[in-house]
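Take a look at the structures below.
Here come two complexes built around subunit A, the first alongside subunit B, the second alongside subunit C.
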Partner chain A sequence: MPIRRLLRHRLFMTGLSLFVFVVAAAVAAEWIATQSPTRMNMRMRFAAPGDARFLLGTDAFGRDILARLAYGAQVSLRIGVMVVLFTGFFGTFFGAIAGYFRKLDNPVMRVMDAFMAFPAILLAIAIAAALGPSELNVVIALAAVYTPRTARIVRASVLVVREAEFVQAARVAGAGETRILLGHVLPNSLAPLIVQLTFIFAYSVLAEAVLSFLGVGPAPPTPTWGNMIADGRNFIREAPWITLMPGVAISITVLGLNLLGDGLRDVLDPRMKVASS
Partner chain B sequence: MTAPLLDIVDLKKHFPVRRSAFGARRGVIRAVDGVSFQVEPGETLGLVGESGCGKSTVGRMILRLIEPSSGSIRFAGEDLLALEGEALRRRRADLQLIFQDPYGSLDPRQTVEQIVGEPLVIHGVGDRASRRERVLGLIERVGLGTDHLRRHPHEFSGGQRQRIGIARALALNPKLIVCDEAVSALDVSIQAQVVNLLKRLQRDIGLTYLFIAHDLAVVRHISTRVAVMYLGRIVELAPTAALFDKPLHPYTQALLSAIPRPKPEIKRGRVLLTGDVPSPMTPPSGCRFHTRCPLAFDRCRVEDPVTQNLGAGRSVACHLVRPGEAPPDIRRDM
Partner chain C sequence: MTGYILHRLASAILVVFLVTIISFSVMSLVPGDPASVVAGANATPDEIAAIRIQLGLHLPYHERLLNWVAGLLQGDLGRSILLQRTVAEAVAERLPVTIALSIYAMALTLVLGVGLGVFAAVRQNSWVDQLCMTVALLGVSLPNVWLAILFVMFFSVYLGWFPTGGYVPFDQSISGALVALTLPAIALSLTQIGLLARMARSSMLEVLRQDYVQTARAKGLPRWSVIGKHALKNVMIPLVTVFGIILSLSLSGTVVIETVFSLPGMGRLIVNAIQRRDYPVIQGGLLLTASALVLVNLAVDLLYAWLDPRVRYAD
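Presenting the complex of A and B:
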């Protein structure tokens, strides 16, 4: 059984622990934070980590970094989940029709190629900047960037599965195209997609930080990890923890998700051993 | 004679071969090039030939999994090639296929109950409870049990999987089942079990089979009549006993001499064909077999032999077979 093999996969379990840790922090943000993540304490600016009231220190406005990290995790995970849902849906839709209905292959995939011609992060910045800074717009921008890549992967596995004999068997049984595609081809094409989506989750967390840092993400003072790094960069010599803490948070999340994805790939899809973006 | 269940006339399938992405046609593969035969109700017609001779393509054209380039297929008097959409789907209930590969032909994500029940669901047969009962009946009929219903294909052996495939093919009470190399992928001992299961089913429910295979021993065991294919054509068609006793076409003779014999000490004179099967893209002129036929003479190289009906259900396409004369024999003439 795949589940038992995952439980024995050490890297997968490491990744899972890291990810669960971040999820727990986001869920428990209200209890972790002793005060609002946006409350300023002007007399407690630049408190170093280890302070009695502020475990991870405070930033230039005297805001509690631990509280901001925990609430920032909520934003990052929410964006990650939404991007995964949108990308999963549209990527599967376009990939499936392109791979299954051969006449749609060229029209659909050439549009996807056009999107993929732009460097991912540049396109995301352009879309997010055009739509204006908000959480939803970040999701839209990232979904637009990752959908073509996902569609490629779904299309590739649909192309393989549609030639399987059980597809012909279904046709002999009288099944129509919709039934064959949804009932037989797609369920057997999803393993690479699931793997891909965990990586997309990781990219989304990273990309959200980049967009926030550049000022096209959720507007300050919303506590996002990217905003925190942007806020702290002017004081990086005097108070390095302001940038370091969110940096560590991003690293832990991305590392956890990548290990998770690697483990899933080893178990679900052993043929593709080399990761692709 | 009764009306044939399946009547195939001059069936052809030419696959275009394109060069790269530019779509320039380079040629055509004449996978099936003018095949005609009938299948009588209740009989088993064996279709044999080397790999790549087009026998599987014929089977798949009958089920409309591959569209023929030309020719006609009539099933119980109805023109199958004229059917489209819903009418075709309904007609498919009468024609079923058993696949060669028992690993690839079952959806790995379905349970046995879903696999065998799917045709019933699609054709809207009965309600959930009665379908379940029918699936159980089918499963028992092919020698599996209730406890197998909830399992997935990977939990079964090759022979058991093939039984599942047979149960699925039987679900809609078909009249004709095309067995495309149905036992070729199985161990010899399992082959015998599955062949006997197929024979028993035929006797019990009056099935008609088109049995496609390359294993002559199996074909001899199960078939009423046998058609021999070479490079997209049928070269000889005869009742099984007649064909195996006295093959007329030189190709049939060569094929039969290649059957392993239980007692090798009895010399029967093995005839080895030299060379490879020519490419179906550029079939030889005249008789397609002349490049490898030890008896070929000038006429074979220029004139395509017509299929002659010899009576007693025999027909053969060879210039050397003439009524009232001794048939050719590649063993004697070599």
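Presenting the complex of A and C:
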């Protein structure tokens, strides 16, 4: 059973704990935050961590950093989940038709190659900036960037599974192409996809920080981890905690997801090398 | 091999063609009237109309695309709206910084990435392995924006070892340029070092299990000579294929690193253009960056096929 092997995989369980911790913080944000993450307390600017009212301190506007971290977790996780869903759907769609229908392979994959030719972050910034700063637009930009990378992985495993004996058997038994693809080929190409999507979740959390930092993420004062880093940067000498905290939050999340991805790869798909981005 | 080269070349040309269309079209996603966005909030209708004509926005999309491509074929990338110079001039000014930064970072990546990975594999399951892989994992997990800011804080402000930012051209002072680029190059390469170390380790582990390595060891060759002479060569070959991916990641990183360290490179040029809607610079910058990567990947594929003949027939 893969689940039992995962439960015994020490690094996977470490990653799971880190990730569950972040999810719990996001879910419990309303209870963790003693006040709104956007409420300013001008008399309490730059409170250091350990303050009686503000456990992790306040930023340049006297906003509660703990509250902003917890609500920021909601934004990062929402972006991650949405990017994974979009990328999973479109990546599987394009990868499957390219891998399964020989005539579509070349046209579909050249378009994917063209999107992959751009450095991921650069294209994401351009798309997000063109669409306007919002959470949904960050999701669209990242999905556009990561879909081709996912399609390539799905295509590769579909190409292998397509030739498997049980697929030939289904064809001989008279199953239609769509049915073979959806019922036989895709379910057996899932392992690399799941591993890839875990890493894409991690990239999305990192990318949110970059996009927000460059001003094309969800607009301030939305509490996102990237916005917090950008805000804190100007006060790094006087109040380094404003910058430190969100970076630690991102690191915990991404570390957790990377360990989950490594564990899943070890158990589901031992032959696969470290996935490309 | 000739057939393979022609096949790859045809693919690359098609991809560059598609890249051209994407580069031109990305900014067409802007909702509303781009001319009024460029003109700013206080522009009069006349000013907006003038900008519309200057940008050629009064023409339909396909005519604008054709005009742009016609210009490209004559080597004309257009003129920046904001920088008082052509896109080609702006790129020529900024390119050396990005190239120097990228070469520096790629050198660090190759040496440290392969080094960490090979060391970890050779000492599999020891504390050396765990240490190398922890470093690699942190490399791919810590956000580079954040690390870059902390680096400036710690190494430049606190310890005073490096300047906090800015660039010294190589023709002014070679040592000055290297000092200015060291911290940015380290911050830029950490992600790629992590990624490459993880790949190099699994690649090395695979090679170490091969018969010829066992044989070389069995006939009494010393451990490190087997690793250096027999194993390492075969580790490098699969790593050649990820060169393009690593370079692409590195270029993604320059966008951030150049901003944090105030380096006047291509990444910052394009990001500033994106933020200020300087369409010709965005389009030209995206096109040049992506085309360069297509060419690098083409070269890598051909090199790989030459190194490992099996590839030519498998594709």
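In the analysis below, the second predicted complex is superposed on the first by the 275 of 277 C-alpha atoms of A that agree within 3 Å, B and C clash if a C-alpha of one lies under 4 Å from a C-alpha of the other, contacts with A are read in each partner's own complex, and residues count from 1 in each chain.
Here is the rule we go by: contacts are C-beta pairs under 8 Å (C-beta built on N, C-alpha and C of every residue); 3 or more make two chains touch, one makes a residue touch a chain.
All figures in this text were calculated on a predicted structure; none of them were measured in a lab.
Visitor: Putting subunit B and subunit C onto subunit A via the overlay, clash or fit?
Guide: fit
Visitor: Tell me the contact category for A:Leu104 with respect to subunit B and subunit C: first, second, both or neither.
Guide: The answer is neither, since A:Leu104 touches no partner chain.
Visitor: Once chain A of both complexes is superposed, is A:Val27 in touch with subunit B (first), subunit C (second), both, or neither?
Guide: After superposition on chain A, A:Val27 lies in contact with neither partner.
Visitor: Where does A:Gly176 make contact in the superposed view: on subunit B (first), on subunit C (second), on both, or on neither?
Guide: In the superposition, A:Gly176 contacts subunit B only.
Visitor: May I ask you to decide whether A:Phe166 touches subunit B, subunit C, both, or neither, giving the answer as first, second, both or neither?
Guide: After superposing on A, A:Phe166 lies in contact with subunit B but is clear of subunit C.
Visitor: Counting only touches as set out at the top, which of subunit B and subunit C does A:Ala129 meet: first, second, both, neither?
Guide: So A:Ala129 only meets subunit C here.
Visitor: Quick test of understanding: once the structures are aligned on A, what is the angle at the Cα centre of subunit A formed with subunit B and subunit C, as a multiple of 10 degrees?
Guide: About 90 degrees between subunit B and subunit C, seen from subunit A.
Visitor: Please name the chain, subunit B or subunit C, that touches the greater number of residues in subunit A.
Guide: C
Visitor: Based on the superposed arrangement, let me know which partner A:Asn188 touches: subunit B (first), subunit C (second), both, or neither?
Guide: first
Visitor: After lining up the shared chain so the two structures overlap, which partner does A:Leu6 touch, if you call subunit B first and subunit C second: first, second, both or neither?
Guide: Neither subunit B nor subunit C is touched by A:Leu6.
Visitor: Taking the superposed arrangement, what is the smallest distance in Å from a C-alpha atom of subunit B to one of subunit C?
Guide: Here the least C-alpha separation of subunit B and subunit C stands at 5 Å.
Visitor: Inside the complex, what are the residues of subunit B that reach subunit A?
Guide: 60, 63, 65, 89-90, 92-93, 95-97, 99, 101, 104-109, 118-119, 122-123, 165, 168-169, 171-172
Visitor: Would you pull the subunit A residues touching subunit C in the complex into a rising list?
Guide: Interface residues on subunit A, with respect to subunit C: 110-111, 113-123, 125-127, 129-132, 202, 206, 209-210, 213-216, 226, 229, 233, 236-237, 240, 243-244, 246-247, 250-251, 254-255, 258-259, 273-274, 276-277.
Visitor: Subunit A touches which residues of subunit C in the complex?
Guide: 11, 14-15, 18-19, 22, 26-31, 137-138, 140-147, 149-150, 152-153, 157, 195, 198-199, 202-203, 242, 245, 248-249, 251-253, 255-256, 259, 267, 270-271, 274-275, 282, 286, 289-291, 293-294, 297
Visitor: Using the touch definition from the top, list the residues of subunit A that touch subunit B in their complex.
Guide: Subunit A residues touching subunit B: 164-166, 168-176, 179, 184, 187-188.
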